[in-house]
Every structure is written in C-alpha cells, then in structure tokens.
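Scrolling down, you'll hit the structures one after another.
Shared chain: subunit A. Partners: subunit B in the first complex, subunit C in the second.
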Partner chain A sequence: MNAYAGDVAALARKDLLLEVRSRDTLPAMLLFVVSALTIFHFALPSGSSERAETGLLWIAIVFTALLGLTRAFAAEREGGVLDGLVLAPCDRSAIWLGKTIGLTVFLVLAELVALPAFALFFHPLSWDLVAAVALADIGIASIGTLLAAIAAASRARELLLPLLFLPLAIPVVIGGVGASIASDPGSFLAFLILYDGVFAILSWASFEYVITE
Partner chain B sequence: MSTSLLSRHGRGPSVRFGPLFAAAALALLVGGFALAFYWAPEDADQGFSQKIFYLHVPIALTAYACFGWGAWKALRLLWTGERRYDLESYTAIHMGLIFGLLTLVTGSIWAKISWGQWWTWGERQLVLFLILFLFYSSYFMLRYSTDPGPRRERNSAVYALFGVVLIPVSFLAVRIAGTILHPTIFTHEGADLPWQMLVAFLVCLAGMLSLAATLYRVELTGKRIDASLRELRELLA
Partner chain C sequence: MTEESRLTDVITARKLSKRFGDKRVLEGLDLVVPRGGFVLVTGPNGSGKTTLLRLCAGLFTPTDGELEVEAPRGAIGFLAHEPLVYNELTALENLDLYGRLYRLPERRERAGAMLERFGLWRARNERAGTFSRGMLQRLALCRTLLHDPDLLLLDEPFDGLDVDGAELLHTELAERSSVTALVATHDPEALAARSTARLALA
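Then we have the complex of A and B:
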C-alpha cells in the first residue's frame, strides 16, 4: 500500500513539475475561462437573472476542464512516455490516480481565478457553489483522465474527447447547477458525491484496459 | 485456416433457432397489438392515444435490455479477453441505439398528442433517453475513429460499461433536476394498471424483445461475415 502511494505521488509530482517548467496547459485554461466569462457578459441580455449567470458559470467550468483534458496525455504522447509508464513496475491504476490528482490540481488552480473573476463580473458566490465546484472537479478529473486515455488511442483525439466527455458530464452539470441555485442544495451535493464515488471506482478499475497496447 | 478465422469472431448463432425467434416476434407483436387495440380497456384520461403506450414503453425497455446485454458482453470481453465478445457487444449496442431512437420518436409523438408539444423537458424518460442517445452515438464515433484491434475492443468495452452505469446515475440526476429545477407537471400513473392492460403490455414487451433478439442475430451474423471477409482479404493482399 505504501509503495502504491509512493508511485501515485511520484506520477502526480511528474505532471505538476512538467507543468511548472513548460507552462503548457494552465495559462491557456486561465485565459480561456476569463475570456469565456467576458463573452457571457455580452451573451446575456441586461436584466438577466442571477440563476442564468450561475448556469453559464457551469458551462465555463465544463469547457475549461475539457481544454485541460485534451492536453492530459499530450506530453506523454509526444515524448513517447506512455510505453515507459506501462512498462514501469507499478500498478497501472496508479497512473490513473497520479494523472487524476494532477488534473484536479489544474482544475482547482483554474477555478481559483475563475470564481473570484465571476464574483467580480457578475454576483457574489455561495459556499454551496464552491463546494459543488470542488466535488465536480473530482468527478471531471476522474472520468476525464480515463476518457483522455481512450481518445488518445484514436485517430481523431481532440475531436473525439468532447464527444465522449459531454454526455457523461451532463449529470455533473445537473448536480452542480442544482446545488448552486436550489433552496436546499444538500441532495444535489450528495448526488455529486455519489457521482464522484461511482465513476472514480469505475475509472480506477478499468484504466488498466485502456492504457495497455 | 478458414475455421480459425471464423472462430476468432465466434461461431455463427445456430441457424435452426433463427426463424423461431422471428416467428415468435411476429406472433407476439401481432397478438399483443390485437390485445391492446381490441381487448384492453381504453384509458379514461387519454382515450385512444394511450394505445401508443403498448408500443413506446416496450421499445424503451427493449433498448435498456440491449444496452445491458452489450455491457454484459463488454464485461465478458474484459474478463476473459476473448475477442468474439467485441462484435457481440457492438451489435447489442447497435440494436439498443436503434430502439433508443425509436423511443425518442414514439415518445415525441405521444407528447405531441397528450400535451401538444413535440418535446417537453418535463418528461423525464425522454430526457434520459436523449442523454443515453448522445452517449451511445459517441460510442459509435469512438469505434469509427479508432483502428481495429485489441485496443479498440477494450476501449469500446470500457465505454460500454460506463454507459450502463450512466443509466441509473442519469436517471437519478434527471429525477432530482425534475423536482427542483423544473416543476413536475406530469406524473406517471404508477403500476395500478387494469390487469387486461398489463397482459396486453407484457405480450407486446415479449414481442419487442423477440424482435430485438431476431435483429441481433441477423446483424451479428452479418458483422461476423464482414469481419472474416476483411481478414481474408488482408491475408490475400
């Protein structure tokens, strides 16, 4: 178990270190989400309700995550690292967990900019919304890592990933928007926890099959 | 040589029972619709238009059965590594997508007659089927854009398993969204059907499942022949 945790930590550290040095993904995500919020200001007619603004925030979150996901295995593919990872003497699911942790960190960092920007541009945020975003990040990173690995094996990688991802993201949006605007957000937050648990276990268990040649 | 090629995609379903399924589908569907139209009582609220219930709901349940069958075959593929399960899973999902599309169409017709709109977001089953339809259409995109081989077989199998988990998760999501985000206008009558209606419905359901089984076998045979032929061609080239 300790060895497993060590493998996961090493793999997550590799992703974060790579990002710190190359700055490939995160700046693009930050710029994208602020641009999207600016567009939303002009897309919404004046006098739109706060509920509509909150809904658009969730669209921005999902698409920003998608932007990060399309780059998830880019460095591995370009450097031919994937074969090395598969051959490494560690459990294959550790690759999934390390990558998921790295992606979750990216998402949280992007939202540390996006949520204050949203509060500044539109209206103040509730703690329920922040909790829902945090829970959604875990679910998005979990299924996103698995789907990015599936898409990486196809010919139309960048084209295929959004198609694979969006139908699975619909429940996240339902739970997230519900937790943000409903009068009792408890059931929606519980739903997001359930979603995270179910899909994290499924992705963890099935990652081995999508990564091996 | 030829036997090993064919067996990789699995043996053809025994031809003897094929016509049996087709005959059962025909008899049960004709009998079921006859019962539905001439014997089962007319619905007090909706009148004659409620008869589409005997078409729409069996089609929807058959679609679920096909998706479930496809996921079961996908699980078998991952479990045993036998490649013949790939085509079986793919064919089941192919059938499921066709029945899913029919569910959307018949549901839309029912919505138009009952509520005067072709589409209503308040009808949870339709929304759920729209999500599933999008999901399984992506399954086809995945298959078409990945090169044939063990990698595609396993990736498709994993995605098919995600689908069968997505069904209850989306069902729950659409349900809680329906209670709070949208007002619940239409509620189902539940299981308090008159027994004549239930009998007619069950006969229609059995007929629709037999029809799906027939189509599945025909399509599977075709896909196997296609796959074997392609491999023969590659060997000869």
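Then we have the complex of A and C:
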C-alpha cells in the first residue's frame, strides 16, 4: 500500500512539475474560463435569473475541464512515455490516480480564479455552489482521465474526447446546477458524491485495460 | 510447452500473427529464444520487427497464435524508436522516476552511475527535450538498462549513436552476457559476434 501511494505521489508530483515547467495547460484553462465568463456577462441580458447565470458557470467549468483533459496525456504522447509507464512493474491504476490528482489540482486552481470572477460578474457565491464545484472536480477528473487515455490512443483524439466526455458530464451538470439553485441541495450533493464514487471505481478498475492494447 | 522448455526458453512464439485492420504485419511466425540467447531480427522496413518486439513486451496482443514470454514485466528492458522519457524532465529526474516505479534501491545513485557510464553525467540536470538525437538514445539506453533487466528487447539500439556511443553499448552488452536479448536491427554485422541466432522477417 505504501509503495502504491508512493507511486501515485511520484506520478502526480511529476505532472505538477511538468506543468510548472511547460505552462501548457493551466494558463490556457485560466484564460479560457475567464474569457468565457466575460462573454457570458455581456451576452446575458441584464436582469437575468440567478438560475441562468449559474447554468452558464457550469458550462464554463465543463468546457474548461475539457480543455485541460485534451492536454492530459500530451507529455506522454510526445516521447512515447506511456509505453515506458505501462512496462514498469507498478500497478497501472497508479498512473490513472496520479494523473487524476494532477488534473484535480489544475481544475481547483482554475476555479480559484473562476469563482471570484463569477461572483464579480454575476451574483455572490453560496457554500452549496462551492461544495458542488469541489465534488464535480473529482468526478470530472476521474472519468475525464480515463476518457483522455482512450482518446490519446486514437488519431482523432481531439474529436473523440469531447464526444466521449460531454455525455458523461451531463450528470455532473445536473447535480451541480441542482445543488447550486435548489432550496434543499443535499440530495444533489449526495448525487455528486455517488457519481464521483461510481466513476472513480470504474475508472480505477478499467484503466489497465484501456492503456494496454 | 514442456516443463523443460519453460525453464530454458524465455520467448516462445507459435504461429504468431499480428494484423492492424486489414494489414498483415506478422503471419504465422514461429520463434524460440532460449535463456541467454541473443537473437538478431532483421528485415526490410515494414517487415514487423518493431511489432514483434512490442508483442514480446506485452504492448501489443497477438491477433492469432501463441506467445509466451517467461519474464515478468519488471524484468524486461525495452528500447523503442522513441526514448520513452519526458522532454520537460531532466535526464536525472527521468531516471529517478523510472527507478521509483521499478522499486530500485538507491535509485538516485544508480541513475547517476548509469548516466556517468553513458557519458551524460554533465548533462544530468538538463531537460531531455534539449538533447540531441544521440544523447536521447544514450538516455533511452540508460532507462532500458537501469533496472538490470533479464530480457532485453532492443529496437535499432545503434540508431543515432556516434562511435563512442556505439562502443559504450557494445561494452554494456558484453558485460551482460547472461541476459537474453531480441534485437531488431538494420545492421546485423555490428552485433554479429554477440548473436546466437538470426531471424529474418520478409
């Protein structure tokens, strides 16, 4: 167990180090989410409901995550590194977990900018909204990493990833918007926890089959 | 496979085939590589040399036939066309990461020693993405040999190496005389003295 945790930590740390050096993914995610919220701010008629505004925030979050996911395995593709990782005697699910942790950190950092920007442009944040976004990050990173690995093996990866990811992100949007606007957000937050658990277990268990032919 | 051959043969392929869609890359290949054997795989471009190595490494699954590789995942050293290293990590960081995943004791020292042997010590803190083709091949060889593998799967090991680099590789292979190896090459004469058999793919 300690060795597994060590492998996951080493792989996650590596992803964060690669991002610090290359600055490929996070700046693009930040620029995208702030630009999207700015466009929504001017596109939405004044006096629009908080429900509509919250819906736009979730659209921005899902597409920002998609942007990060498209780069999730870019470093591995460049040098054929995924083959090297697959051949290592560590549990292959550690590759998924390390990558998922790295992606979750990118999403959280993007939202540390996006949520205050949303509050500035639209309406104040509620704790339910923040909790829903945090739970959504885990689910998006879990299933998104698995789908990014599937897409990375394809020549049409830029096309394939949105087609695979967006349908599976629908429950996240339903849970997230519900938790953000409902008078009783508990059931929606519980739904997001269930989504996270189910897709994390599925992704963890199936990653080995996805990255080997 | 008999119990005796299981003990002596590291790679056994029977009527091994690999297709990608309609394209047949390998068809009905029979191959036995005994423990300690050093088999050169030759053939023109597209004859399936790389595919055979990837099948033996477990990176491809056969379309038909049987393939038995009597070496666990951690005991295989695979040198591919690509170096399998991160461009944004330094040479030392790349080897340290692999050392961690291969659970090597004193991995940092081991990585340093390997870089020194392949003449990359001075470049240890430089990012792999800034390396020349020859330096990348040396780093890839460091990665391949870092965990002292029992089975070497080498795809064009001299590719990009200068005279000194080729000499270093000859020395490393000579020091690992008991290791089993399957080597795809366009220059079989370079390893003729070391080889125990040749497989010519058409």
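Keep this in mind: the second predicted complex is superposed on the first by the 213 of 213 C-alpha atoms of A that agree within 3 Å, B and C clash if a C-alpha of one lies under 4 Å from a C-alpha of the other, contacts with A are read in each partner's own complex, and residues count from 1 in each chain.
The working rule: a contact is a pair of C-beta atoms (placed from the backbone, for glycine too) under 8 Å apart; a residue touches a chain by one contact, two chains touch by 3 or more.
Just so it is clear, the structure is predicted and the values come from calculations on it, not from any experiment.
Novice: Applying the touch criterion given at the start, work out whether A:199 contacts subunit B, subunit C, both or neither, answering first, second, both or neither.
Specialist: first
Novice: First (subunit B), second (subunit C), both or neither: which does A:124 touch?
Specialist: Once the two structures are laid over each other on A, A:124 reaches no partner at all.
Novice: Could you look at A:163 and tell me whether it touches subunit B, subunit C, both or neither (first, second, both, neither)?
Specialist: Once the two structures are laid over each other on A, A:163 reaches subunit B alone.
Novice: Quick one: is A:17 in contact with subunit B, with subunit C, with both, or with neither? Answer first, second, both or neither.
Specialist: Second partner only.
Novice: Under the stated touch criterion, which partner chain does A:182 make contact with: subunit B (first), subunit C (second), both, or neither?
Specialist: first
Novice: Please name the chain, subunit B or subunit C, that touches the greater number of residues in subunit A.
Specialist: Greater contact footprint in residues on subunit A: B.
Novice: Answer with first, second, both or neither: which of subunit B and subunit C does A:45 touch in the superposed model?
Specialist: It touches nothing on subunit B or subunit C.
Novice: Do subunit B and subunit C land on any of the same subunit A residues, and which?
Specialist: Common interface on subunit A, subunit B vs subunit C: 212-213.
Novice: For a test of understanding, state which residues of subunit A touch subunit C in their complex under the given definition.
Specialist: Subunit A reaches subunit C through residues 3, 6-7, 10, 14, 17-18, 21-22, 75, 78-81, 83-90, 212-213.
Novice: What part of subunit B is in contact with subunit A in the complex they form?
Specialist: Listed in rising order, the residues of subunit B that touch subunit A are 78, 131-132, 134-135, 137-138, 141-142, 145-147, 150-152, 154-155, 157-159, 161-162, 165-166, 169-170, 172-174, 176-177, 180-181.
Novice: Quick check on the complex: what are the subunit C residues that touch subunit A?
Specialist: 57-61, 72-74, 76, 78, 80-89, 93, 97-98, 100-103, 127-128, 143
Novice: Going by the contact rule at the top, pick out the subunit A residues touching subunit B in the complex.
Specialist: Per the touch definition, subunit A meets subunit B at residues 143, 146, 150, 153-156, 159-160, 163-164, 166-168, 170-171, 174-175, 177-178, 181-183, 187-188, 191, 194-195, 198-199, 202, 206, 209-210, 212-213.
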